[in-house]
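Before anything else, here is the set of structures, which you'll find just below.
Look at the two complexes coming up: subunit A is in both, with subunit B in one and subunit C in the other.
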Partner chain A sequence: MQLKPQKKKSSSFTIIIGCGKLGASIADKISDSGGDVLILDKDKDAFRRLSPHYGGMSVVGDALDLDKLKEIGMQKAATLLVVTNDDNTNNMVAQLAVHLFSVKRVIARVVDRDKEGIFNSKGIQTFCPVSLSQERIGQLLSADDPVVDQIVDTEGEDNR
Partner chain B sequence: MKKSIVIVGGHKKAIILAKSILRKGYEVIVINESYEDCLSLYEIPGISVVQGDGTKPYVLEDANIRNVDIAIALTPNDEDNLMICQLCKTQFSVKKTVAVVSDPKKIEFFYAMGIDRAVCTISTVTSIIEQQAFITDITNIIPIQGGNIQIVEVCIDGYSPAVDKQLWEIDLPSEVIIGCILRGDEALVPRGNSRISMGDTLVLIAGQQQEIPAIKALAGR
Partner chain C sequence: MEYSISKISSVGKFMMLIGILVAIPLLVIPFGMQDHRFASSFIVPASFSLLCGFLLFLYGRRRSSTVENFGWKSSMQHSSIIVLFAWVWGMLVGAFPFFSSGQLRLVQSLFESISGWTTTGLSVMDTSTTPRIFLFHRSFMQFCGGLGFVMMMNMFIQEKQSMRLYHAEGHSDKLLPNLRKTTQLIFLMYGGLLVAGILLYHIVGMNIFESLLHAMCALSTGGFSTRLGSIGEYNSLGIELVTIILMLFGTTNFAVLFLIFRMRLRQVVRVSEVQLLLGLLCIGIPVFAFGLQRSPQFMGMESFKLATFNVISALSTTGYSTIDFRGMAPSSLGVIIIMMLIGGGIGSTAGGMKLERVYIGIKVIALNFRTRINPVRSIHPGFFYKAQGKHMIDDKLILETTAHILCYLSIIGVGTILLAATANANLLDALFEFASAFGTVGLSIGITNANLGNAALLVEMFAMVLGRLEIFIVFIAIHSSIELMQSRLQKIGNKGFKK
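So, the complex of A and B:
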């Protein structure tokens, strides 16, 4: 565990569970902007994904272990971001945070869209990579529409 | 209409539980991820088997569990059992959900999250092992009211301090009463002047963890 003096009050304390590509990049971003952040992962090698300039805390441990959650100060977190690669783990950690640690804002990644309702019903905000990708692809396709139309139009004119 | 039960996950436990519930006249659906387990479950006549991950809504949909009476989640992972029970309850209107929980510290959390029954196998099994290992004279301890009250059988042999004594002479904790004396085929209702004989079995009702001092006073161990 690397400790660094806190730059801000603990009221802005953010905890991130899961140091994958997404977790690490968000942690870096918060740290760069001077925020107070802690990232937890059960695999110590996962922290390699953090930038060398990362100034927050990184802790090795299991997010489903209540003692671990107490140890990292979950009760002081203003925001929790849960982004492990397992939906069921994300669900349980998020619900523990809401129910036992009264964390105000809990955001979780849900891969299986059909499970989002379970999270939402317990006051957990969610995002789903498939839905986001779909949205973006939709935007890209609709942005291309005029061009497609033009081509069709030109073809139409040529045929005339 | 027959009551129906769905069992999700669990290896040997699922098989033994499925058989036992089937004998009680329920309709049994089993969902299991392992192909081998599904094969052995499939050999039990009368149960429906679905292979797949029971934490996935579409697998539960395939198993046709809507309005099932009881769902039992037996996987070794607490997070999976929580998801199974919550899906069953909210998306499939299952009436009662039961989860096996490995971490005893999470029992209350499971109840708070809407699970109807949380069973901690580890603490149940270890407490039975402890009983069996340390108290050989007891043939049976039955916990009721979640373990607040224990019904205990104590066998009296020739070396027991209570042998040949009248009940009023024995110094029992006040939270314990002797409910019955079993002598041969007879069951005697004890009075203060009842005398305990060698070979008797006493049935105690004990509260507030006082069963061990009571057993010491009666059987000497």
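So, the complex of A and C:
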């Protein structure tokens, strides 16, 4: 049994764009901990990645559609996570969120590392799965003794 | 992927919730003169349910320290079993007060309780002599039954499997990005409408007690009345108007209701369900009225007034009536039966096949026609509007909807014959009464009364449960309990064999 989530926590509304493996798992986590979460994806079938316990909203729609962003209440969001696999989409949605909806915290995924500069210049926090994986692999390789039962964490929790 | 579920402790929680709900009619005692004699028949089942629930809850918590993990399939099966169990338990506990106080026979009290929780409103009680506390108990059961146990539970606590249970009980909508807030919002709207309903009833001249009871039952599309002649006995235009408004609100999908409250009226009009509702009323009311005109006592405007009230009552699956259906023209009865079959909005408190499914059904017929007259390679996508926006009618949806409609109609066919046989009635009357029970409506053509035999009551009880829980979940739950039982037995058998 989970007790009532605290008022402070529940007032933070998170919007996630892109219901891939990463987006879905983060949405599940937030929903499980009692937070408000909405996930948007173009493809209706993408939502099957969400766990059946997911209690937030899932909306079908194009994130580049300004009306859609208004409809899902982007102006009320405290956090925006843009995790589609297309850099152009990620960049544009993140910029819209910062400039038009003045969302406080915008985190975007960068697929192509060369484009990271475009994101950062606009005051958007980014992460790049390739760099993170590279770092981790580097760590593993540089370790003196290979530890047998150490597992690379690809679930995405470290990325948050 | 694994899903954890704490089955026993959540069953315990449901039992505690039901215990509390059954204890609530005790609040009427300070206002009633002679009702305190019946206090014990409420205290006993309530405390029994609370105690059992609490013990199970403790037992389940201790066990759940070793969290049980099930695969997807059995997680779904467990949630349907939990939902069905909660409802059956509620029905048993709810029946106890009627029985233990000697108001009704055993089967009759079960019938009354089921009719309450499922928001049907068929009654075997003589309301003119029944003490007030029982009248309140009935109406309160309908009020809670309209929301559903899972919905009430989610208001207080949210846990991992609440979403599954929420779906299993047939709620389809999420209004806010958080399940607990969604249920709280629904309860807030429901409660607000209740208060408004009580005030309106009181203004048009009902006493406070009766306005409370009628508002609860109209809003949950239940239909228990404190009078034998239902709403018709008041013979007041004001009361009928208030009832119509409450019934329409009750039959509206919660998501649409939320749009109405936010004054997004243009979006509301676009929703397919709302369009179908209005369309059906436009056709149904005149047909019903013309059927009435055959007899001389209902002429002109009078027949339209009666038609408006009773057709809305049938379509919203409420079951308040201002007219006696016995000996009515077949065309009028036909309209009422069709309305009862179609029923109210999906994800509301209403029963029946639900407007959305019927709308999709009509669309599918149109699409099928279009594919037949057009070249083979042309595509014809179908759409419909929900409160959340435009939805495409894809193959999966078509399959689910047609399966549901077919299942509904076949049960109607079988049930009608069963009821006709057990109640010794003619086929039209049996169809009317069965459709009324199955759609959780509660209009009666006179078959259901205090003298009805047990077999017919059982048929109607089964219909009401199936109708409220949307058919499939009952079958899934029964199927899964048999399957689980078999696997348990097999395990025990294997162990015995090894020894």
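Operating definition for what follows: the second predicted complex is superposed on the first by the 132 of 160 C-alpha atoms of A that agree within 3 Å, B and C clash if a C-alpha of one lies under 4 Å from a C-alpha of the other, contacts with A are read in each partner's own complex, and residues count from 1 in each chain.
Basically, a contact is a pair of C-beta atoms (placed from the backbone, for glycine too) under 8 Å apart; a residue touches a chain by one contact, two chains touch by 3 or more.
Keep in mind that what you see is a predicted model, and the values were worked out from it rather than measured.
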Superposed partners subunit B and subunit C on subunit A - clash or fit: fit
Partner chain in contact with A:64 - subunit B first, subunit C second, else both or neither: first
Touching partner for A:96 - first (subunit B), second (subunit C), both, neither: first
First, second, both or neither for A:51, with subunit B first and subunit C second: second
Subunit B versus subunit C as contact partner of A:35, first or second or both or neither: second
Which of subunit B and subunit C A:13 touches, first, second, both or neither: second
Distance in angstrom between the closest Cα atoms of subunit C and subunit B, superposition on A: 21
Contact residues of subunit A, present in both the subunit B and the subunit C interface: none
Residues of subunit A that touch subunit C when the two form their complex: 1-3, 10, 13, 31-32, 34-38, 51-57, 59-61, 71
Subunit B contact footprint on subunit A (complex, rising order): 64, 66, 86-89, 91-92, 95-96, 99-100, 112, 114-115, 117-118, 121-122
In the complex, subunit B residues that touch subunit A: 55-58, 77-80, 82-83, 86-87, 90-91, 103, 105-106, 109, 112-113
List of subunit C residues in touch with subunit A within their complex: 1, 3, 9, 13, 61, 72, 75-76, 157-164, 166-167, 174, 176-182, 388-389
